[in-house]
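Next come two complexes built around subunit A: one with subunit B, the other with subunit C.
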Partner chain A sequence: MTRNTRILMSVIYWAFIVYLFVPLALMVTMGFKDSKFIGFPIRSWTLDWYAAVIQDTQVLSVFGYSMTIAIATTILSLIIGTWVAVFLGPNQFRGKAIIFALACLPAVIPGIISAIALRIFARLIDIEPGMFAIILGHTVHNVPFVALVVMARLSTQPKSHIEAARDLGADSIVAFFRVTLPYLKPALIGAGIFCMLLSFDDFVRAFFLGGYQPTLPVLIFAKLRSGMSPEINAISTIVLIMTAILGLWAERSMRRLNKGS
Partner chain B sequence: MTFWGALLQNGAYQAVANTLFKSQRRQFWILASLPLFWIFFANLGPIVEMFWIGFLDSYPPKVGHEPQFTLANWAAFFQDRVFIIPFFRTLAFSFIFTAITLLITYPVAYFLAKHVSRKNQLLFLLLLLIPFWVGEIVRTYAIMILLGNNGAVNLALKSLGLIDRPIPFMYTGFSLGVGIIYLTALYMLLPLYSALEKLPDNYLEAAADLGAGAWTRFRRITLPLSKEGIASGCTLVFLISTGYYATPVLLGGPRSTVFAETIAGFFHVAGD
Partner chain C sequence: MTGEKDTIVHIDNVTKRFGNVVAVDQLDMKIMAGEFVTFLGPSGCGKSTTLRMLGGFENPSEGRIVLDGVDVTSQPPNRRDVNMVFQDYALFPHMTVGQNVSFGLELKGKSRPEIERRMAELLDFLQLSGFRDRTPDQLSGGQRQRVALARALAPDPKLLLLDEPLGALDAKLRGQVQIELKDIQKRTGKTFFFVTHDQEEALTMSDRIVVMNAGRVEQSGTPEDLYFRPESRFVAEFIGETNLINGTVRGVEENAVVLDWNGLSVRGSGHGHRPAAGDNVTASLRLENVTCHNKKPANQNAVEGKVISKLFKGSRTSLDIRVGEREDSIIRAIWTLAMLPKLPMISSGLAGSRNV
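Take a look at the complex of A and B:
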C-alpha cells in the first residue's frame, strides 16, 4: 500500500470518528444553553435544565419504569439465551442449521415488523399492551445476542472440565451449575449489560407494545414531536452518560473473556 | 458438606435426576424443551400469525362473522399507491444508504485492520463502538441539532461566508440518510473489520513482489477475500435500516415517507 493511500485512509477514519462524535457533543453542549430556543450560537450557559429534570417527577417515574423493564428483560434473556446456547452449542442433530437460523431470526427482522407482529401476537395470547408486552418484545429481540455470545464462550470450554466433574460424581445438572456456569460468567456479564443497553435504548418495540405509560425513549420522542427544548438535551445527556458507563463496563468484561482468563 | 454435595446425596433429588437422565434421548429432549418452545412460540409465532392475518378478510374478528380466507389484502397492497410507493421508496432508500455505508466504512475498516498496530486496535475500535451504545432516539435528536436551520453545519457555513441563509437540510432524504447511516454504520463496520483482519499480510506482499499495483492488489486480493464481510454487512444494514420508525418520522419529510410510517399510520387508525 502506497503512503498516500495510507494517509487518505487515516483521514477517512478520523473524519468518520468526527461524524460519530460531533452530533453527540453538540447535543450535550446544547443542554447547557441558557435559552428555550435550540440552535447556535450559544451566548450564555446554565445548569437550570438539569435541575428541572432532576425535579421532574414524570421523568423520574419513567426512568424507573424503563429500568424495571431493562432489568426484567436482562434476567429473562440471560436464562433463555444461555439455555438455547447450551442446547445448540454442543449437540449435533438433524435440522440444527434451521433451528439455529430461527433462533437468530429476531436479531435481523426489521424493528417495525417485529414490533407490529408482536403487538398482534400479544393480543392473541392475552397480554395487554404495557410492561409485560414490552418485556416479551425485548426478550425476543435480545435472546439471539445472548445465545451467540454464550455459544462462543462455550466453544472454548475444555471438555476435560465436565469430564472431571462427572468423575467426581456430579450429574449433568450439578456439573452445569458448578463448572460450566462459572466458566461462562464473563460472557454472561458482557451479554447481560448489552441486553440492558438494548432494552433501555429501544424505541420501536416500546412504542408499539407499550400502554399509556411511556418508557424513556418514548417520552423523549413525544417531547421531541411537540418541539425541541434544552430539557430534552439534559435528559438525553444523562441517558448518554449512563449508556457510556454501561457500555465500557460490558466492553471490559468481554475483553477479559477474549484473553481467556 | 456443600450445598451441591448435599443435593447429590438427597434421595428425592436422586429420584428426580434418575428419571430425567434415564437415557441420552430423554436428556436431549429435556434440554431441547425450552429452546424449541421459545423459538417456535416467540420467534416464529408472531411472524406466522401476522402472515396468516394477511389472508383474512376481517381483523380483529367481528362477532357473528367467521373470518374468510381471501387474497384481497395482498391485491390491495400491490394496487394501492398509499402502500406501494412508500414500500418501494423504503427499499430504494435502504439500498442507497447501504451502498453509501459500504463506501464510507470500507476504508475505515481497512485502516483499522491493517494500519493500526495490534496494541492500539482495541482503542481505535472502542472509539468507533462508543457512539453506537446510545439509543436510536438520542442519536436522531443529535442529528437534528447538527443539521437544523440553526444547526452546527449551517452556522459553520455561515461564519465561513459560504452561504447567507441556512440550507434546509432537515426533513429531506439527505437528513434521513445522514441519520440512518449514523445509526447503522456499525453493522457494516464490524463484519468488514473481522473479514479484513483475517486477510494475511503476506498475500499482499507476495502480489506486490510479483509486480501488482495497488489497484490490482485491491481488486484481485483484498476485495475477493473480504466478500463475506461485505455480504453480511450489507444484509444486516439493509434489513435493519428498513425497520426504523422514529428516525424517518423525526428526520424525514413528506416526500420521504418510508414504509414504517405507513404501517404505523394504518396501525393507529385501526386501533389495534
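Take a look at the complex of A and C:
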C-alpha cells in the first residue's frame, strides 16, 4: 500500500466514525438541554428530562412490558433454535437443505411483510393482538439467528466428546445436557443477547401485532407524533447506554468462554 | 469372577461393511482377562473399526461380540462395561479434572463418598492429585492423557479400549508413557485393548500383538513371535526393518530351507512352512543378523559383498552391502558404534536368514 492510499483509507475510516457518532452525540446532548426546543445554541443544562422519565409511570411500565417480551422471546427462541440446530446439524437426510432454508426464511423476509402476515394469521387463529402475539412474531423472526449461531458452534464440537459421554454411561439425552449444552454455552449467550436486542428494538412487528399497550419503540414513535421533546432524547440515551453495556458484556464473555474450550 | 486365563472378550466371526467396503472381514478372536492386546496395522486395516465395535460405536454387519459371557452385540456404549481412552482424549472442556474422572461414576449411580474415594484413589494412582481442580486446557499433553486414562478406569470396566492414545505426544514423552502404561496395566490387572499403527509401541507394551491388514488378521502372537518368526511378508516388513530376499527353493532339509538367491545359496529356517523345491519364496533377514568379517568365514550363509553406502545414525550405522554381481542384490546391515572400528569395507557374512 502506498502512503497516499493509507492516508485515504484512514480518512474514510474517520469519516465513517464521525457519521456514526455525531447523530448519537447530538441526541445525547439535547437530552441535557434546559429548553423544550431541540437545537443550538444551548444556554443552560439540566437533568430534569431524566427525572421526568424516571417519574413517568407510563414509560416505566412500557419499559417493563418491552423487557418481558424480550425475555420471553429470547427463552423461546433459544429453545426452538437450539432444537432446530441439533436436529439439522449432524444428521443427513433428504430435504435437509429445504428444511434449513425454510427455517432461515423468517430472518430475511422484510419486517413489514412478515408483520402483516402474522397479523392476519393471528386474527385467523383468534389470538388477540398483544403481548402473546408479539412474542410469537419475535420468536419466528429470531429462531433462525439462534439456529445459525448454534449450528456453527455445534460443528466445532469433536464427535468424540459425545462418544466419551456415551462410553461413560450417558444415554443420548444425558450426553446432550451434560456435555453438548455446556459446550454450546458461549453460542447461547451470544445468540440470547442478540435475540433480546432484536426484540427490544423491533418496531414494525410490535406495531402490527400489539394491542393497546405499546412497546417502548412504539411509545417513542407515538410521543414523536405529538412533537419532539427532550424527554425522548433522555429515554433514547438510557436505552442506548443499556444496550451498549449489554452488547459489550456479551462480546467479552463470549470471547472468554470461547478461549476456555 | 474371572481368573487369569479366562476369556473376557470373544469376537465371534465379526464382519463389518461400510457400503461395499469390507472394513473387518470375519474376525474371530478371544481376548483373555488381564491381557494387553495390541491391534497393529496401517491406517484403514480395520483395527479402529474393531475397537469401535467393542466400544459399541459401530454395529457389526455379521457375527457377535461376547463380553464376559454376555452377548453385547446390540448394546449401546452406555450399557457396556467397556471404557475407552480416545485418540484426542475427549476430555470435557467445561469440567475440572475431578469432574471428568467422576463423570462415569456418577452415571453409574455411585454414592458421593464412594465417588470421592474412587476419584482420589485414581488421581493418586496416576499422579494427578494436585490437578483435581484444573480444567483440561490447563494441563500438558501427558497429563491430559493420564486424566483420560483415569476417567476410563474409574467405572472399573471389564475391558479398556485405547485408541492410539500416544499419537498426540511428542517422541520423548511417548517412550516414557509406554513404560507407564504397561506398568498401570500390570498393577490394575485390567484387560487392555490397544490400537496403534506404531510397531515400536506394540512391541514394547503388548502381551500379544495382532497384526491386521485389509480387514483380516495377518498374524497374532507375542512380540517376539512376530519379530523373529513372521509368517508373512507383510508382517516381516511391518514390524522392524528387514531385508526381503526373493528366491527359488533349491531344497528342503530337516531344519532349513535352502534358497537360490540370484545365484547365491542361502539357508534359512522355514518356521513351519515346508515349501517344495522350485517354489518362489521370500525370506526375511533382520538387519542386526548380518555380521561382517574381513575374511569369508566357513559359515554356510557367508557371502562376499561390497559396502556401497554408509549412513551414520549416532548409536548405530546402517550399511548397504551389494552381494554378488546383480544391482538389486543389496543387503542392509546395522552396526553398533562399538563395532565400527573393525568395520571391513569389502566382505560380508550372511547369517540367520529366514524363510517366510
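The criterion applied here is as follows: the second predicted complex is superposed on the first by the 256 of 261 C-alpha atoms of A that agree within 3 Å, B and C clash if a C-alpha of one lies under 4 Å from a C-alpha of the other, contacts with A are read in each partner's own complex, and residues count from 1 in each chain.
As a working rule, a residue touches a chain if its C-beta (ideal position, glycine included) is under 8 Å from a C-beta of that chain, and two chains touch if they have at least 3 such contacts.
Since this is a predicted model, take the numbers as computed values, not measurements.
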**OP:** Decide which partner touches more residues of subunit A, taking subunit B and subunit C as the two options.
**Re:** B
Subject >> Which of subunit B and subunit C A:118 touches, first, second, both or neither >> reply: first
**OP:** Check the residue A:183 against both partner chains and state whether it touches subunit B (first), subunit C (second), both, or neither.
**Re:** second
**OP:** With the two complexes superposed on chain A, say which partner A:105 touches: subunit B (first), subunit C (second), both, or neither.
**Re:** first
Original post:
Between subunit B (first) and subunit C (second), which, if any, makes contact with A:92: first, second, both or neither?
Top reply: neither
**OP:** Could you tell me if A:217 is touching subunit B, subunit C, both of them or neither one (first, second, both, neither)?
**Re:** first
**OP:** Applying the touch criterion given at the start, work out whether A:80 contacts subunit B, subunit C, both or neither, answering first, second, both or neither.
**Re:** first
**OP:** Based on the superposed arrangement, let me know which partner A:168 touches: subunit B (first), subunit C (second), both, or neither?
**Re:** second
Original post:
Can A:160 be said to touch subunit B (first), subunit C (second), both, or neither?
Top reply: second
Original post:
Which residues form the common part of the subunit A surface touched by subunit B and by subunit C?
Top reply: 169-171, 174, 178
Original post:
Given the complex with subunit B, which residues does subunit A contribute to the contact?
Top reply: 1-2, 5-6, 8-10, 12-13, 16-17, 19-24, 26-27, 30, 37-41, 80, 83-84, 86-88, 91, 93, 99, 102-103, 105-106, 108-121, 123-124, 136, 139-140, 143, 169-174, 177-178, 197, 200-204, 207-208, 217, 220-221, 224-225, 228, 232-233, 236, 239-240, 243-244, 246-248, 251, 255
Original post:
How about subunit A: which of its residues touch subunit C in the complex?
Top reply: 158, 160-161, 163-171, 174, 178-179, 182-183, 185, 260-261
Original post:
If you look only at subunit B, which of its residues touch subunit A in the complex?
Top reply: 4, 7-8, 17, 21, 27-28, 31-32, 34-36, 38-40, 42-47, 49-50, 53, 60, 104-105, 107-108, 110-112, 114-115, 122, 124, 126-131, 133-139, 141-146, 148-152, 155, 182, 185, 204, 214, 235-236, 239-240, 242-246, 249-250, 259-260, 263-264, 267, 272
Subject >> Complex interface listing, subunit C residues touching subunit A >> reply: 55-57, 76-78, 82-84, 86-88, 90-94, 103-104, 107-108, 135, 137, 151-152, 155
